[in-house]
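Lettered A, B, C, D and E in written order, each chain numbered from 1.
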Amino acid sequence: MASRAYRHSLNGSLLEPGHTLLEIEGVVLAFGGINALENVGLSATQGRIHAVIGPNGAGKSSLLNCISGLYRPQRGRIELHTGQGRHDLATMRPHRIARLGVARSFQNIELFSHLTVLENLMLGRHVHMSRRLVPSMLWFGPARRQEIAHRELVEEVVDLLQIQAVRHRVVSSLPYGVQKRVELGRALCMQPALLLLDEPMAGMNVEEKEDMARFILDVHELRGVTVMLIEHDMNVVMDLSDRVSVLDFGRLIADGSPEEVRNDPAVIEAYLGAEAGAG
Amino acid sequence: SGGGGDDGGGPIKIGVLATLTGPTSDVGRPYNEGMLGYVDWVNEQGGIGGREIQALSDDYAYEIPRAQSLYKKYKSQGVVAIQGWGTGDSEALRNDVAQDELPFMSASYAAPLANPEESPYNFVVAPTYGDQMRVALDWIEQQGGAGTAEVAVLHNDSPFGEAPLSAGRSWIEQQGYDVGFDAYPMPEDAANYVGLLNQAQRQGAKYIVIQNTSTPAAQVAQDIQAQNLDMQIVCLNWCSDEGFIEAAGAEAAEGHVMVQPFATPASGKPGYEQVARFVEANGGAIEDKGLHYAQGWYTMHVMAQAIERVIQDGQEVTGSNIKSSLEGLSVDTGGVVGGGTVDFTTESHQGAAGTNIYQVRDGAMVEIAAGARPAA
Amino acid sequence: MTLRDRSPATPEGAHQASSGGDPVLRLHNIEVIYDRVVLALRGVSIEVAEGTIAALLGPNGAGKSTTLKAVSGLLPTERGEISDGHIRFCDRDVTHLDAAARVRLGISLCMEGRHVFKHLTVADNLAAGAYTRGTASREDLDLVYEYFPRLVGLRRRAAGYLSGGEQQQLVIGRAMMARPSLLMLDEPSLGLAPTLVEDIFGYIARLNRELGTTVLVIEQNARQALEVAHRGYVMEQGRIVLEGSAAQLRNNPDVKEFYLGLGEHGRRKSYRDVKHYKRRKHWL
Amino acid sequence: MNVETLTTLTVYGLADGAVLALAALGFVLIYKATQVINFAQGEFLLIGGYTFYAAFVLFGLPTTVAVLFGVVVAVALGVVVERFVLRPLVGESAISVIMVTVGLAAVLRGVMQLIFGVQARQMPAVLPAGTVEVLGARLPLNRLLVLVVAAVVLIAFALFFRRSRHGVAMRAVADDQQAALTMGISARRVFAMSWALAAVSALVAGVLLADITAVTPDLVSFGLLVFPVVILGGLDSVAGTIVGGIIIGLSEQFVSGFYDPGFAQIVPFILLVVILMVRPYGLFGQVRIERV
Amino acid sequence: MATATGIHHRSYRSELALRQTKAERLRLALVVLGALAMPFVVNVYWLSIVNTILIAVVGAVGLNILVGYTGQISIGTGGFLAVGAFTSAIVYERAQLPAVVAIAAAVLLTAAIGAFFGLPALRLAGFYLAIATLAAQVIIVFVARRWDWLTGGTGFIDVRAFELFGWEVGAGLFEVEWYAVLLVVAGLAVFAARNLFRTDLGRSFMAVRDQDVAAAAMGVNVTRTKVMAFAVSSGFIGLAGALTAHYTQTVSWERFTLDVSILYLAMIIVGGLGTIAGSVYGAAFMSLLPPVLTAASNAVQGSVPTLAEQLPALQVTVFGLVIVLFLIFEPRGLNHIWQRVKDYGRTWPFRT
């Protein structure tokens, strides 16, 4: 499938389709005695949907955490191309990584639970906003102008995800599925170059998964956001992704098109199981 | 009017800063009771000059800020004089009372409060802490003879505790005493003072002068006894009382010395008769109330005498008039305070000079010197 | 089948039930209110026969977890209460019984979201599971380790550090330690890899077969759930809207579309082909 | 510096440390089981001291009966506090729960003051007076006995939690209340038990402290020192309270013996800051497991 | 637009306004009127209490920024008030600089020291941090008490009359003039704090409170935000400290003990955590409690003679009871009560 270009929301540069956006090489991450990631290397291409699969505990979430800076790998290189040069994410703090245009959602919903949906989404605009103390305290003037401008953008995400009705609700009072949607929305508000999604559809029935799939495809197709997706539902993975990487015990055991991966005996053995592999 | 309160002809209001709780409440409570007891007694007698005294008394827990806000409250209620308590609050309110022209007495006998130039509206009824320290040092010098006496001063960690220190140092120098002198602040609420006593021991101290209230002082006595240390406590004013003996236990208290300007109830001084009768009439015994009760009683008595004179002179009862009346007043306390009388002049607001010295013998305070003054 | 099918279990269903006894668990017209305002269940009736597996399906927020919490007595911890109806377990009214007492009666729940004791080791987690039975017996432990051999090597590890699948195994193992006669599982396959999902359903079937444990399971993975279950219920908005034997449900067209993701001709439709909402945003 | 001074200071420091460890033990029990930070631990100490005083001196009961009376009151206190103060706050934010214990502390302190006033009360010594001579130092017998009593009580508690299933139950409840409920562990009973035990350990500490000092409202101030102790040892470690208590007790005593007793009062807090910088979870504290 | 079905907006601008309905604007007008009338209604003593409330409002708002909005528990308010008070007093009294400079210095220094003690917050969670601030409290008060240079050995500093741009607060109308000054300062503090939390900066504080990992992943510099929260909060508290110094004209460590820290925590709890209005209500409530109790006990003194003696104990008990009862029955504080009263009024007569 053709990949798409992306006009970087933070520096205005154009990321060409087909270029390498993210390059991971030789990443090693260990907790005490356990090797969560062993010498993992893969790369994500601008404008594609890249799935990461693998058995539980394989290190998928850890890999995402390394990319977004929440874990710091002991060794290895994680480079992000922003159209203005390359940045090594492996040694960078999370908020700096976010400011390069990397957004994410979490395996277990990590919303700002006491804030409203709007406030959560507005926080997605954080990297685009200025926050000087004195103007903030004065409100009238730049602070208010900025709030209104960003609010307009946020409303578009609200429309896209069809969460108009719950705008002012405190997120902790929302049903699980809606919270997942808000979390996706928060990441979208960043207008990211790279969107990392950790099991966005877990715990949903088929109908709800279809909605989520549509949302993901929309942002991807309309804007050219590169998506990196962890998912256990093989139907979703096979249908949505352009490329699939498979981890097992912290090692990359396969990397290729969905078709290739599905028929890879190592993957069937480690992850899919005979039945799913066949189906 | 002459400032400081209004004279509507109704009851005469006096603001009282009480310390019913907080670090010095052990001695502050009986003192406050004594003051209020005196007021009740006077009012029973028909008041002064036919007018009742109304004492507005609130607890300030030995906290300066609370004293300040109470002071504001009293002022707004139209008091003509203030009875304070501690060194900290008296010094903090010094400028206010001067500005508002409200005479102020307190149970703090710090020297600056007795100096009309520094604190024109403050009056101190007893010998200053400095004088008490001097008397204590004189006594120690007499005991030991040259060269043997090392003094460790254990004091409350506050302006009150530090008040007599500089007087003590300069006194030793001035008198040429061969006495070592070191000061150690006592932490509040300590479970023991063994650490301090160890330091004093290394200093070689034989005498422990304590400027603190009786509860912590008693703990020191217990620690001395528990460790069998060869040390003698010399209490100044605020730990020189029956409470010290009771809290430490007669055994631990035995032999320690007290510099106390006020006579004990057991002394049989004539000034106690009235007090004892009033207490008994209210179903108590003066022996239980202790000497701080009488101390409060007579401090209020001095203030009342000044007010009575203002009324007798046909003047308005205002703060400044009371102050003038105090300066030139001589009150007989029947031997309870210092040498017996309290007199103030425009030059000196220290009302008495003499102090008694007691020693604990068989669980009781026994007078070993009366009306002692610093060696001339 | 229409919206509300309440036909009794078919002979086929009865045949499937291994020991096919009387209902051990019977919910009668249960109504649950959270915070005194949110009506989460509006009259739910469910019967689970002894020694069978029942599956509970439904979209997010339908009230599935609430149903299980009502049975296990956890509602008070979330400011919820049963405002109407009653629950009988083994012919005993347990509607308002204390949660701990229900465990002693043999009702165990594996909550949604792998509630392991994060700071306890795997072994201590299992010991906690045996709380109602005094101390953990060797036998029970061996059985759990036999079912879940992966846990053996992790015995001394703090459970918080286990991966999702490992935690899921631990939670089920921990529930086994209480030797429940009714085991309730809330989305046990959530977030598990496909092989493990197979395994988990394997364990459930095995538990039911070998120990005769009655099972009530909530699942989004309808295909697998209906494979092992004898009977199924579908909930929506606090009501049971569909019930029947597993086979009946598998063939229901609604279930096929919304839960099994099968298109008109019984073929799975692709997620790519889901209706496209054309909403081009200028920032997108 | 000589051996004698050192020995004296050490024994006094150890005795203080032992009492502190006992007071901290209750704190740790509550934290372990309920994740509640109990700011009223000092007041529990106070109530322990006064209850025993009332039973022993005012009611004139024999020592053992007075102790039993104290235990009964302590258990009742713990259970009542848990039931009526803490339970309504289950699920509220950490700061609310901390503040409710702060409020509770004020209430308890106020009530004790209403009943007993602020004047120090003298209690005839329960522990034998007198001194023994060790290494040239005269050591008061009562301090040595305090050490023994505290050690026995601490070991008993430690064994109880190591050996009985209640130990696991308590930790389980602390970790995840709902999950514990599904194990058949009654969170209420565990909560009530830990509050009761905390009050009992505070009672022992209070009685010992009252015996070596006096029965005064100042007993409360010992409660503040519990914080450096538990931080040093680690909030949820029983062994930590012992080590923490001893470190704090000794350092206070040594600083006040060799430097400045006023400064000695803040030494625990300076130690605390240093420890937090080096080991954010104290010496034996459990690291929180937070994963995303 | 306010209708029976709720409030509807036609622009983001109107939605972002603080006062949205006529009723709200009317209430604001009433509050302003009441504030202006205050000095003519109450006597000097009660006005002095109002003044201490206004100072407490500034401090409570500051503390709420840290505790309520950023979720960092601080038991060190007393210490930070001391820093502000001593700094301002020393700059004003010894260096003889103008009051504005003294107060600004106090705010900045307190903010800096607050930020320093906030550094452990980067590594510590919840209770461990609370205890670190407790240590700050104990250590700061110890320094204030023992460092003779601060007070010149007397234990306290006398501060000369407050002078602002050549205008001196006189002795005659002392309380009234101070009331004017404090009303303006407290008003500005409340205004600034409320604004803070409708902008990105304030939201990032709350994000860190709720989920710091997610906040970091959204680009929030968690380190900076926490330090910033400590600094902003301490700045407010430093301001309150400085005002205390000038208003009371004496600075001594006793005004800044642990009890004060707890009193401030009680204010924000009783008022409502994480609400600016709550800080105001809480400050007023907790500051009024002791004088009202005293007044009440004086009123009934005749019939219950032992009351005066028991008053201190009673005050401690009531203080504690208020905290406990609020937390049990209205954990969201006075602000929530008031909110409910307003909602009740707003939807009238459409009530469910």
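By our rule, contacts are C-beta pairs under 8 Å (C-beta built on N, C-alpha and C of every residue); 3 or more make two chains touch, one makes a residue touch a chain.
Keep in mind that what you see is a predicted model, and the values were worked out from it rather than measured.
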| item | value |
| --- | --- |
| Count of contact steps on the shortest path from chain B to chain C | 2 |
| Chain located farthest away, centre of chain C as origin (C-alpha) | B |
| Centre-to-centre distance between chain E and chain B (centres being mean Cα positions), rounded to whole Å | 38 |
| Chain A and chain B, separation of their C-alpha mean positions in angstrom | 75 |
| Computed distance of Cα centres, chain E from chain C, in Å | 50 |
| Where chain A touches two or more other chains at once, by residue number | 70, 106-108, 110 |
| Residues of chain D whose C-beta touches two or more other chains | 113, 262, 265, 288, 292 |
| Residues within chain E bordering two or more other chains | 213-214, 312-313 |
| Residues of chain E that touch chain D when the two form their complex | 67, 71, 73, 120, 123-128, 130-132, 134-135, 138-139, 142, 146, 213-214, 258, 262, 265-266, 269, 273, 310, 312-324, 327-328, 331 |
| Residue ranges of chain A in contact with chain C within the complex | 31, 34, 53-58, 107-108, 153, 156, 159-160, 175-178, 191, 199, 202-211, 213-214, 217-219, 222-223, 232, 234-236, 239-240, 270-273, 275-276 |
| Chain A contact footprint on chain E (complex, rising order) | 12-13, 16, 191-193, 195-196, 198-204, 206-207, 209-211, 213-222, 228, 232, 274 |
| Contact footprint of chain B on chain E as seen in their complex | 43-45, 48-49, 52, 145, 154-156, 158, 171, 248-250, 252, 254-255, 257, 291, 294, 308-309, 311-313 |
| Touching residues on chain D, where the partner in the complex is chain C | 90-91, 165, 168-169, 171-172, 174-186, 189, 286, 288-289, 291 |
